[in-house]
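In the two complexes below, chain A is the common chain; its partner is chain B in one and chain C in the other.
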Partner chain A sequence: MEINILSFGKIAEFITINRLDTDEIFDTDGLKQQLEKTYPQLKEIKYKLALNKQIVQKNIELLPGDVVAIMPPFSGG
Partner chain B sequence: MTDKKIKNIFVEGAISTSFIADSIAKHSSKKEIGGHSIFLGQVRADDIDGKVVSAIDYTAYQETALAQMHEIREAIFNKYPLTCMHVYQSLGTIKVGEICLFVFTSSAHRKPAIAACEEIVERLKAELPIWGKEIFEDGTHQWKENK
Partner chain C sequence: MNERYSRQVILNGFGSMGQDKIANAKVLVIGVGGLGCPALQYLAAAGVGTLGLIDGDVVSLSNLHRQLLFTTNDIGKLKIDVATENLTALNPEVSLKPYPFFITQINILNILKEYDVIIDGTDNFETRYLINDACVLLKKPLIFAAVSAYEGQLAIFNIFDENGIITNYRDIFPIPPASGEIPNCSENGVIGVLPGIIGTMQAAEAIKLLTGIGKPLINKLLNYNLLQQSFYEIELSPGSVNSYEIPKDETSFLNAKFGFSKNKETYRVIEIDIDELQNINKENDTILIDVREVYEIPQLNQENYKQFPMSNFEKLVNENLVQTNIVLICQHGIRSLAAAEQLHEKYGTAKNIYSLKGGIARWKHFFTSQK
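Take a look at the complex of A and B:
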């Protein structure tokens, strides 16, 4: 399954991939685990995911072609 | 009263004082308004461990931020008897002393305008995927976090 990845803020400084191709990820929790394994720095950040532009509140199933944004704490205003 | 279409809040670069003045002037024809409340965010020369901030570079996940702002707008219009609500957030590099956020609410009487303005600022900072990169005078940077 191929997932599109968008990274923002300080996360974009170390997660620079735009695509993830994997047969082992089925949902957003699985994706988080995979990302934290590959990028241990992520564990230090209170990040949120957005799936297809919607902020993820609980675990959601992923489908091929989904767009997942990885977002560090917000600092607008 | 509420707008169904999603409004853009993002402006490239700093928000000029003439833009703010024009926004105020545009409301003189709305005779039912008795009070305006305005919040202006200004980039501060923060001193962090001896390094001084010279600018903040703002980026956003724009579509998600605008959808989130739309929800806030609807909630605020349902909660307070407002005549108008305007929100502008800068993107790009904003220098110290420049305005990066402009929130403007109007109502018949002062209290709803003041309360709504404050609530919008708090919710915008907490809920909108926008990031500020603080650029120091020596060219290094750190990512701002809202408190």
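Take a look at the complex of A and C:
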């Protein structure tokens, strides 16, 4: 299954891929685990996922071609 | 028709009704920085009836690449003073309410109650969560924005959409990041034009909310990328029930922990009138500190009086004052209040710190008759 990845802010500095091809990820929780394993920096910061432009508030099943955005908070003004 | 607003009043959907709505509105801009400056400029120009602005900081050289309300000559001056002067010149029809201090857990609720729409233009998470929670408690529409490097975020919280859904910042990020977890502008940098764009969008969203035109960004988070010149909009929904807690009433709000390490008592400054000043002056342990610049008139000739101009405020902060009662004065009582807040941070409850409300201008007779 192929998932599209969009990273924002600081996260884009270490998650530089925009596609993830995997047979082991089925849902957003699984994706989080996988990302945090591959990119340990992600575990150190707060972030939020959006699936197909909808904020992820609970575990959701992933389908091929889904777009997952990974967003950190910004504080600057 | 007022010629000043003629170009927006002739717009379809805006009209004199839209202008009236703006003229009757009260908008508060918290933080007069990269986001706050452009938001204030456009809102003042558009004719927002009452515009509050709050910031305790002074203008510094590193502000100038993005905070275009200020010029090189303003370095060291209180942001609120300069902003008020320039915004008044831009549109004298707007009633400006300057608050020359930082927003705190103690003062936020009373200030927010006066306004219809709140704009967050601050630069740190502690204050952002404070503003978010206060807006939830008081049910105030919040136009949130934040920037980092080349990217920005923008959203409107605390308004029910057509489906009856309402969200706040904690529905995206329930818990504030630890300090150092996410870099701020001074650590990470920011391109000057970015807060100009995002702050201007905050003003645009405020005008849309007030007039009812277009589709405001309610329950949406807009991500903007300046390098790609791209927008990515996320639909928001409430987080799960137990993911965060917001104080339910004012007492629990005042007792909540927002990560402010300083004792809240230290934020209490007392504003006094001339009678109280005279009473305090009778005590031997009192010093009167004038924070006006040396060229400002009238020059005073008081007992226990010392001048510490605001342009060299560091000197006052570094001075170890021996007196217990410190009364700060300036021309209109605005700079002195800001100075008093700062001294409070230094001395806490060890000293009684006062600011003369209305300043020398209001009590001119008293000060000039003393000569």
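Worth pointing out:
Keep in mind that, in the parts below, the second predicted complex is superposed on the first by the 73 of 77 C-alpha atoms of A that agree within 3 Å, B and C clash if a C-alpha of one lies under 4 Å from a C-alpha of the other, contacts with A are read in each partner's own complex, and residues count from 1 in each chain.
To be clear about the criterion, a residue touches a chain if its C-beta (ideal position, glycine included) is under 8 Å from a C-beta of that chain, and two chains touch if they have at least 3 such contacts.
Only a predicted model underlies this, so the values are computations on that prediction, with no experimental measurement involved.
By the document's definition of touching, neither partner reaches A:30: not chain B, not chain C. Between chain B and chain C, it is C that contacts the larger number of residues in chain A.
Of the two partner chains, chain C is the only one touched by A:58; chain B is not. In the superposition on chain A, A:71 contacts both chain B and chain C.
In the superposition on chain A, A:44 makes contact with chain C only, not with chain B.
Overlap of the chain B and chain C interfaces on chain A comprises residues 6, 8-10, 50, 53-55, 69, 71-77.
Across the complex, chain A is touched by residues 31, 33-36, 120-125, 128, 145-149, 151-153, 171-173, 175, 177, 181-185, 188, 190, 195, 221, 223, 225, 232-240 of chain C.
Of all residues in chain A, those touching chain C in their complex are 6, 8-10, 44-46, 48, 50, 53-55, 57-58, 69, 71-77. Against chain A, in their complex, chain B makes its touches with residues 41, 58-61, 63-65, 67-68, 89, 100-101, 121, 124-133, 143-146. Chain contact summary for the complex, chain A toward chain B: residues 6, 8-10, 50, 53-55, 69, 71-77.
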